[in-house]
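Chain lettering (A, B, C and D) follows the sequence in which the chains are written, and residue indices restart at 1 in each chain.
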């Protein structure tokens, strides 16, 4: 029995379908004015990759600076700007839109058997907003940058720095609306555009995860928007709402900011979880263990996610009672993630597992996300938070969840759906190598930071006491490996666009509706509206379908 | 071995010699914090190992070449309940344990010795009750609970002592407190952990833990001649606060003797407990709370007194144990004196002679320890 | 479960062409039928209003906190607002909401003339609201009650200096520190009413556009989605004001 | 599932102008009422009354002008979600501010 499930058409005869959403129209305008969710997804994919590499190179600079205890590579000011821009670009221009705006945009209509998202124009608008915001952010970076940290803490951001706070704020504001429109579009689509037979509990878990994330986007992001507006007013005309000298309360800013920015981390991770549910099922040929539990855990995360924000403020002098409540709720929100992890693990049980690249990334995700999640509990428990918060422990925790979790999931998803998006396979061996390299590099980079944090090394330090150097050197060394791990996919995926093997409709023998149509799909996705007459991840249905096709051909 | 790469060699040696997983435990709370941390690490490791073991075993047992046909399983309510309830239980234990620790760290004991710390871009200024000032350093004795009353003059800062496992943000416009009791003499790191601008990473210092005798000696040689309260008294006079806040029957302001720790009845009902925060508030925003029987006539001193000045005044008023003459003429109702007996300055009665020279700016500078 | 029923009559690979019989011009290609399109648009509008609610939510939070902290300052500052103008404005906005609702009804029952009339009335009332707001803002500017621009405490530290307000409420003078906090009140006042006015301006612009389309009969041919959704928006703006009015104008009007 | 109901109820229930007139009228009356109330000395109840009336007015607008009374469960649910999160934001934040005043343990 072969150790892979990949079934490709005979390469000598196989061709990419003449008519598909890429070849339908030509010319740059046909892309810039498209309403097609698949094309917009491609646009997003390109722009997001661009911002990822900007943010990544900034991260590289940070690691280089931290190679030595003194701030010798760059002045502290420059360093502050670098880590601020790294945070802003990675969070608002990569992590938040990464999976939803690319894979979600591309796949949700396909998975629901719809012709397009409910509001194609809004979808395109959200991309333009994203680009506008991104260009503005790059512009601020070029014209002196900003050094408030991505959290815009008042009164530092309002009264004590003279960098481009306003323009950066504007960029984040616009990016926020871009993600509001994406989320809004998804919710409407999921409610209104499902094909006949596609009941809620026949939807792929990928869609469930995006539904949960979209709720957070729609309800959370506006609060960030108004907060930024108030900061801008405070900075320009001094309205005094966040200014202690005028009787305002800077803690209020923290409340409003984190009301969005904590749910934001769920906006970032939930879609990744959706990807994992798909890959783990496909590569173990098994229905996801406890479908409903996984589906509802996504929603639970979305709901609880709104009630835990103040755990970012435990040492800032919020009231003891608030600390109790928020700490308790934080513990509760940790549970659904645990459920997901175990359900995924048991999806493997009695499966028939193969180890293509997406699966490798999935394993990477499960390991790293488990660590990231559990260390989150360290910070949610009010006592230990006192010692660990604002140190490298936070940095490590956040990167384990976001880079180790979200980015791994993103790469898993990109590899998994690459054949569907482009019609060609990526080269398997080198991509498996890339996955392993990424995993090793990641642990080298960020695991030492847990120890640094426990030892008390504060974050956002350009210079640090020499006894921390050794671990920092490890971390920097790991970062260089990680860099290679991220460069490889760019190279071979681009290569595969021309030289990759023809994938055919369903190389993975996956069950989702998106795999039952040609790849790359037609502009209208489904020539005839499909009818969902089976559960999600129903591999027996797939078998029967294939037998029928065989008999039809024979 | 060293001939291969001396650099690498040094590097390894350095690592071997300086390697540590936890900072030194130099305070009473530190072992308790570490106990919880170890418990959490243990739980996490167990959880992680379980996941990894399951994934690897399943991957080996059920790899396609060995187990070609997957067995479809809906799920198992029992199993799912297990891994919902067990983590929940563990997390709740951590929550309770953590909360207990949290309140221990942020609830100073009554007999704690109070040191004021002012954070400003980019340095820490500590003010001992005896009038000793120090910049980016803090000298403390072992075996005595120390309460820090923190405030920031500009942006958020955060006062972090990893060796003590304590950390507290210094917030503009508000006092925050934290306490600890050092156990082992030595010099430990002091970090500002809340990003505060350009020289954030330079806002560091030394916590010097001394033996009681060593501390006495240090106090003696670094005294500025005047206690904090005495500075406050000078300031009190120079701002002629005593024009209203005197013990006379016709005084326009409430008598401040023994006011600290009392419950004041306010105009328009309600009472308030007089603590440092309240004293500071009523100097800067006097109309916020008006003591019963008085008119809101006090001018605000916002922007006229530096945080150091306010601290001196607060410390002075705290220690104002006045003579009994004022007691009869107290305009404040039900005043129950319960100020703790701290190192009070010699004369406490407001000095009528106001030495105009003592502006807050020219308040006596403390000995700056490098 | 209408889905399951639909699945019942329709085997796995039967052609399903739901609602492709009639094709109105306004049916976008990716929708099955008009109902679906209308539903989707309406639902999207509601979600957008949700984001608006949260957007104002931040300011309401700030308002409530500072009102509790600096109550005296908020009371005296609110006395600076003219309750007559405020009430009048509320009435104007409610009426405009009413005409808008009537407009939607006209569109639904395809009365073109009525629709145009209602839209025009709404348009005018909207402008009237903004006009009154301008008058109020002008007053504040003259009294230097705009935060950040030579903000003056005179009316609060010395109420007699502001006779027409004083004879009405006989406010006691505030301490300087408390008087300073009136600036926060006015910050919130301008932030909230300004943000609200911005929504009004956008709404009025769309109204202008709609009036032209309506005269061309665009909304009385059965395709009322746009009018309905705009109605939702307009009513939402009305609701915001319904809360702003008591919170900002009516904190405590009885003379103390 | 809420939205299947949507499918059936999507034919708009056309509200008669009479209802609009009644609602509009009562809104104006309530406005007068709230202004009147604010001139009374009700102590703590002044803000309560004002907000209560405002809520009633808002509910009227939402139910009738915005047709929620006649709309699908989904729309009702959506409105509820908005309200819920709004209250979460305000409530949880104020919870911190008020309990701060209670001081330490």
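The definition used in the following text is that a residue touches a chain if its C-beta (ideal position, glycine included) is under 8 Å from a C-beta of that chain, and two chains touch if they have at least 3 such contacts.
Note that this is a predicted model, so its numbers are computed, not measured.
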| item | value |
| --- | --- |
| Result of counting contacting C-beta pairs for A-B and A-C, higher pair | A-B |
| Chain ID, smallest distance between chain and overall C-alpha centroids | A |
| Cα-centroid distance, subunit A relative to subunit D, in whole angstrom | 36 |
| Separation of subunit B from subunit D, taking each centre as the mean of its C-alpha atoms, in whole Å | 44 |
| Junction residues of subunit D, two or more chains touched | 1, 3, 6, 74, 81-82, 85, 89, 93, 97, 104-105 |
| Residues of subunit C touching at least two other chains | 1, 3, 36, 39, 43, 47, 50, 53-54, 57-58, 61, 65, 177, 180 |
| Shared interface positions of subunit B, touching two or more other chains | 103, 106, 285, 302 |
| Residue ranges of subunit A touching subunit C (in the complex, touch as defined) | 114-120, 122, 180, 184-185, 187-189, 191-194, 196-199, 218-223, 225-227, 229-230, 233, 236-241, 246-249, 252, 255-256, 259, 524, 528-533 |
| Touching residues on subunit C, where the partner in the complex is subunit B | 72, 174-178, 180 |
| Contact footprint of subunit A on subunit D as seen in their complex | 1, 3, 6, 74, 81-82, 85, 88-89, 92-93, 95-97, 99-100, 102, 104-105 |
| Touching residues on subunit D, where the partner in the complex is subunit C | 1, 3-4, 6-8, 10-12, 14-17, 20-21, 23-24, 27-28, 31-32, 34-35, 37-41, 46-47, 50-51, 53-54, 57-58, 61-62, 64-66, 72, 74-75, 78-79, 81-83, 85-86, 89-90, 93-94, 97-98 |
| Residues on subunit C engaged by subunit A in the complex (per definition of touch) | 1, 3-4, 6-7, 10-18, 28-32, 36, 39-40, 43-44, 47-48, 50-59, 61-62, 65-66, 69-70, 147-149, 177, 180-181, 183-184, 187-188, 190-191 |
